[in-house]
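Here's the structure, in structure tokens; my notes come after.
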């Protein structure tokens, strides 16, 4: 059953910051961070948005969380259109939908004790107050593996390691018993030896609490371990979307192929032949190439690719790809 | 990136509201509070009729909003009006008479303070934590805290009166003549090849500009030091060292230039410090500049002159910050491209 | 023939008042000519400090307390600053993690390259420029970008420029400190390929410092694993992959996600790395080690040679 | 670009070094340079306002004007007799209502215009037309000016004025050339001047004023060819300039302590002269409790003048017991006669008790001063007055201050209870020290603190009384009544000091007060 | 984990790492504390009434008059003691005032942004860029002398400093992930402002405060020196300096030197405190 649906989501950031600058510049220019993205997430799923820096995956996450307003498009969450919700209504939705961010050092208020940070959401949403809230907060601290909860409760974030902080952030996210978690690069800054432990925690919570994840990451190897479905983004668009095992085993889009091939493998004997791509992703997608936005780097680009933008279409059941030549390759 | 042209244009346009805000502030505060220029002009004994006539002449009998609009309209035409008190000279002429003195003083003081600041700041930053560094930090704190009149008096007393090395007040010797071209005596005497005039003007300039310069050098020492330390901590300095670039070259060609960007930004703001300090310096050294002029005219509630002076100060500050921005853009390619 | 680089018993501490962070604590290491050594470790393991200590660039308040760094037979730690700066950038090139902050933002990339070349040769400006263009092209940057500023370059190009600078003086050793960490995977693999090709073309030795053991595995001949200031295991890549000896290495290899394997379960190492200001006594890994023994808590393990592997563990004594 | 910047730095550094070396070299050279004998440099803290007789109305501008121009009469140094100047002779007709002036023939302005009756008429009418601050010297007295012949002018007054000759001597009546001055607007920076011993060679506002001897001057040749006035911002700078050798003469106004100190210095001469400058306290009779004569008298009795003259001014001024300064004819120490030398605390207490005040029910008063206009000593003057009054134990004084224009405005609107003011005479006559203060119609500028029909009558009579003896008697009466009513309490009379280098001679200070440059010379 | 009192721990840690900065801070604190004590104890310590003459005028320093007497025969030492009250009162009141207003406006303006923020920033920046002393002179001259007027004119100069500092800080804190997380939690604006932003903004205040106080001391002295500050005969260092300056050249150095020295000392004290605090509070760089 569908929990979240995103339809043709668009977010442009104007390049001219101030009013005067806008007034003085003849042609408006925008960073087209998210440029028409559609997908849906089923309940209980781990849906991964993957892609390189600047592809728009984080912006998509923030749009879904309603932390920024979309330029156009629609977000339907739990059967309700939340695109234009404001104030009290938006707060009601927020209870059901929580983020876990990449940087555990920045996502906790340095002036708030761990316990308070976890307890606070309960009070904001009027779920529990005072000692009752504290009780619940302690429960959740234990749940994310911060034991003894008593000790951690009165510590400040600065007294914790990165992994521990990320656990606090997770506890804060799940304390209101949401149904949906947006995990934005949630394990990217965690050391290898601990990364698996956070991933395991996330999976365990998913089972216990029946959570649905939108997992945003640039680490394909990590994505592979947890995703049920994956969408690969390039310059603000999804280029390929499908069940994780299908996409990882037989990627269809040349970009996905290159991306997969570039991921290093911890095996000295597997020094594989890589798909070679020219150039890099532009740092700020301002001047998007016409036609297929990947064509300047694509080794298989044809005249058609330069002219016409391919649409995301089903190439095989449930496996969508946006490439004119997906079938031929 | 927004183009440089738009950037500079934006900055130019932003100076307008700034001048406008300050002008309005002064305009209304001055008129709401007691103190009447007409009475100050005519002195004690004028008849009420005479005073009324004068008020009318000066437009002071109109409602406040009307006066304000008239004044703004006048400013828009680039006219600062005429002084309300003796002479009734155009305010622009009055300013033009005094401003070069202030400009000369501030430029020289600025030079002194930047020279001291650069040398001490760079030196301190290369030896953080040493005695020399701590000493220079103390210097910067104490220098800035030296009350300008106190330091000025001290220098006047020792160098001027006791040692008779330098003249203590005024801009030049009575017997020396310097033809006015720009009003900057140093420049004018050079332009007219008047060596005696040049040396004389310079001698008169020394004490005030040293006083102001030393006090402000504290700011620069601190600024240069901290921004050098900041830059020296950066990755590219380490990378330069790793590439075996000689230390001196790293310091002067890379670190100093990078450190100069925040220093430059601050310089724009410090300029207002310079102007403020100039008031006390001018008072202490009888320097016939804008500061002493403003003080005198405030006392007489010379509305137009005070307003004009404030507008001028505001324009000056805005212009300096604009120039700083342009230099900034010139030095920092990240803004230029 | 002696190794190109021979680090012996190096100890680097960061002195914070009366507290010392023991970032590198008695590390020995050899790099042969033409060899690529992957120096692997998690954040805070001391691997970057080690890289910097080799050319005496440990930042304040770090201090090299003891040890020696023999490079072509000379001890770099005893070299006067003047001569050392000839070695730095001359015979040993360095590439750092963040290519944006590692370039002077106010100077054109080409000029920075020229500056480096001129610092290590007697060339005139024109000759240096010619050489600079040559090296830019060698790393895949067209000559027309010579006058660009660093911010006009993309991340990968900046790193290429850094590499060009590092190799422009024909060094025999290149120390690359996390050269691809700030880059996306595709660019990362491009840069890694560049390293490979340069190494073949120029016969360079490379120390590749990275937190990502996968990256090291892909390019290095030999891998040295660091944990909490100690070098715990050093072995040829394939040996290390096939039979890791140190419990930490074993744990690490199991924790690394592998995109090629199907349904592999990730295993993590419990606990967290120690505070290097107060490291645990004995073996620094013992609080997290599944095979810790009594002796591990008491005594610092010796370095043991097992076949081609050097391992710092009581298990192999 | 980077090269460019380092180059700039190098050039700046080099410049600074060169300049420093040249400067130091010059210092030694300059110290040896002999001072020119033909030049006298006078320093002052005063300023020139409008160099236009129609508008100038302040001490220093008048001083300058009286050196670059002349009126029909001028005061003989020391004797203060009015001697003919531009007018060869004069005649008073119709009991003092009509004045006929015969001009000296052949006098020419700097621009070549001849001084004629027409020019005189034009000049006087110009003052009336422009209505500058001193225009009242004309408007209040003159009815019309007529040209009799080329060199004869007839001035018809509105009514006879006993002291009109003194009025005619003020700079407002100095004839100027119509060719050099605009007919109906003030010409503030005009250096043309009139006919005088000097002419202005150069004038840089607030910096310097250079005067050269007028070669065509009809009278006695000035003893020094060039006079340079240098303007200083304050007394400290002025003294430093004197000691630094920049100026030969330090004129108004040095600090009291510096005057005393310089008097001890053998390198300088201190010339002291009684000035006609007075300071006084105004008690505003419109405000409670100063409408009570007993209170006013008590304050007059309790005032410790010595504290001010000796304490604040270190004896560089003298105590004053009347509005008419000592040395002026008709002066009597009226307040001293009535209240003693002061402070007379017994009397003050008695008066206060009569008025209903006591140690527990203190008289509370507000004393206002203006911080800049009367020099930096003013705050101390206020403090000294406060202290001397509070010594009675029955008065509590609160000191307040306001900037000059605010101060004036508030005074005029009758807002301030006690204020401190000072007075320089416009013309040398007791009338000028009494009428403006005490006459009902003329003390509006002080907020009309006092009005008394008897006093008005006395003052009016004295103005028109033809002979000096009658006038003296009347003015003595006025002064006694002033002391009795005590609406204004005079407290000090300024002395004027000139400090000059030992070799400077010829400085004359008399109650006319304006320095005559043409008499000064170097030995 | 946190066994010791955090302050003691902080001091100990700083003592190890930033000995010099701590020494500077302490020196500054001692100077300031000393002058505050002077102000507090003036009535007890002062040997004479500072308002009335107690002896001959212009007596040099002696056993009876530690710093001599001024030109009205008042005891300079007593005036210095009482002067510290004036300076402290004016300076502290004005900085408190500007801190309060600046912080409040900065917080609101920075948090909500938009048009109000633009206008406020423009106004504040205009005042900020304008030479402070000149502004204070203009305002003080128009308001007229008096303690409260002086306080107002000085505080106007420094409001923009606090505003800018707080606003900048708010903007940077606002962009932190934890604020975003709080928004995502559904916390209302008031809660975010008070619980997430304000506590992270406040730590900059002591630094700005002590830096500004030093500057305010000089501005106050400047105003008094120009005769635009507290009216006579209130003891005030700037005013006494100017008053004494008249007699300086005649050799009566004590009347102006002592007040001048006190101004410098107090400014140095606050600057040291500010400079040290700034280094201590700023994020550690290793």
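The chains carry the letters A, B, C, D and E, assigned in the order they are written, with residues numbered from 1 in each.
The criterion applied here is as follows: contacts are C-beta pairs under 8 Å (C-beta built on N, C-alpha and C of every residue); 3 or more make two chains touch, one makes a residue touch a chain.
What you see is a predicted model; the values in this text were computed from it and never measured.
Enquirer: Considering only chains other than chain D, in their present positions, which groups are joined through touching?
Expert: Leaving out chain D in thought, the network of contacts stays intact as one piece.
Enquirer: Between A-C and B-C, which chain pair is linked by the larger number of C-beta contacts?
Expert: By the number of C-beta pairs in contact, the winner is A-C.
Enquirer: With centres defined as the mean of C-alpha atoms, identify the chain lying farthest from chain C.
Expert: With centres defined by C-alpha atoms, farthest from chain C sits D.
Enquirer: Averaging over Cα atoms per chain, report the distance between chain A and chain B in Å.
Expert: The computed centroid separation for chain A versus chain B comes out at 53 Å.
Enquirer: Counting in whole Å, what is the centre-to-centre distance of chain B and chain D, each centre being its mean C-alpha position?
Expert: Each chain's C-alpha centroid was found; their separation is 36 Å.
Enquirer: CA centre of chain C versus CA centre of chain D: separation in Å?
Expert: Comparing mean C-alpha positions, chain D is 87 Å from chain C.
Enquirer: Which residues does chain D have that touch at least 2 chains other than itself?
Expert: Residues 2, 236, 240, 243, 372, 402-403, 406.
Enquirer: Would you pick out the residues of chain C that each touch at least 2 other chains?
Expert: 59, 106-107, in rising order.
Enquirer: What parts of chain B, by residue number, touch at least two of the other chains?
Expert: In chain B, the residues touching two or more other chains are 14, 33-35, 153, 161, 233, 257, 283, 298-299, 331.
Enquirer: Taking the touch rule as given, give the residues of chain A at its contact with chain C in the complex, in rising order.
Expert: 52-53, 161, 163-164, 191-197, 199-200, 218-222, 224-225, 248, 258-271, 274, 277, 279-283
Enquirer: Taking the touch rule as given, give the residues of chain C at its contact with chain B in the complex, in rising order.
Expert: Spelled out, the residues of chain C in touch with chain B are 52, 55, 57, 59-60, 81, 85-90, 93-94, 96, 98, 101-107, 115-116, 119-120, 149, 151-152, 162, 165-166, 169.
Enquirer: Note which residues of chain B are touching chain E in the complex, please.
Expert: 14, 17-19, 21-22, 25-26, 29-30, 33-35, 129, 134, 137, 141-142, 144-150, 153, 157, 161, 222, 233, 268-269, 272-277, 279-280, 283, 291, 294-295, 298-299, 306, 310, 313-314, 317-318, 321
Enquirer: So in the complex, the part of chain E that touches chain B is made up of which residues?
Expert: So the residues of chain E touching chain B come out as 20, 24, 122-123, 125-134, 137-139, 141-144, 214, 218, 221-222, 225-226, 241-242, 245, 248-249, 256, 260-261, 263-264, 267-268, 271-272, 275, 285.
Enquirer: Can you list the chain A residues touching chain E in their complex?
Expert: Going by the criterion above, the answer is residues 19, 62, 65, 67, 90-92, 94-95, 97-99, 101-103, 106-112, 120-121, 124-125, 151, 155, 159, 169, 172, 176.
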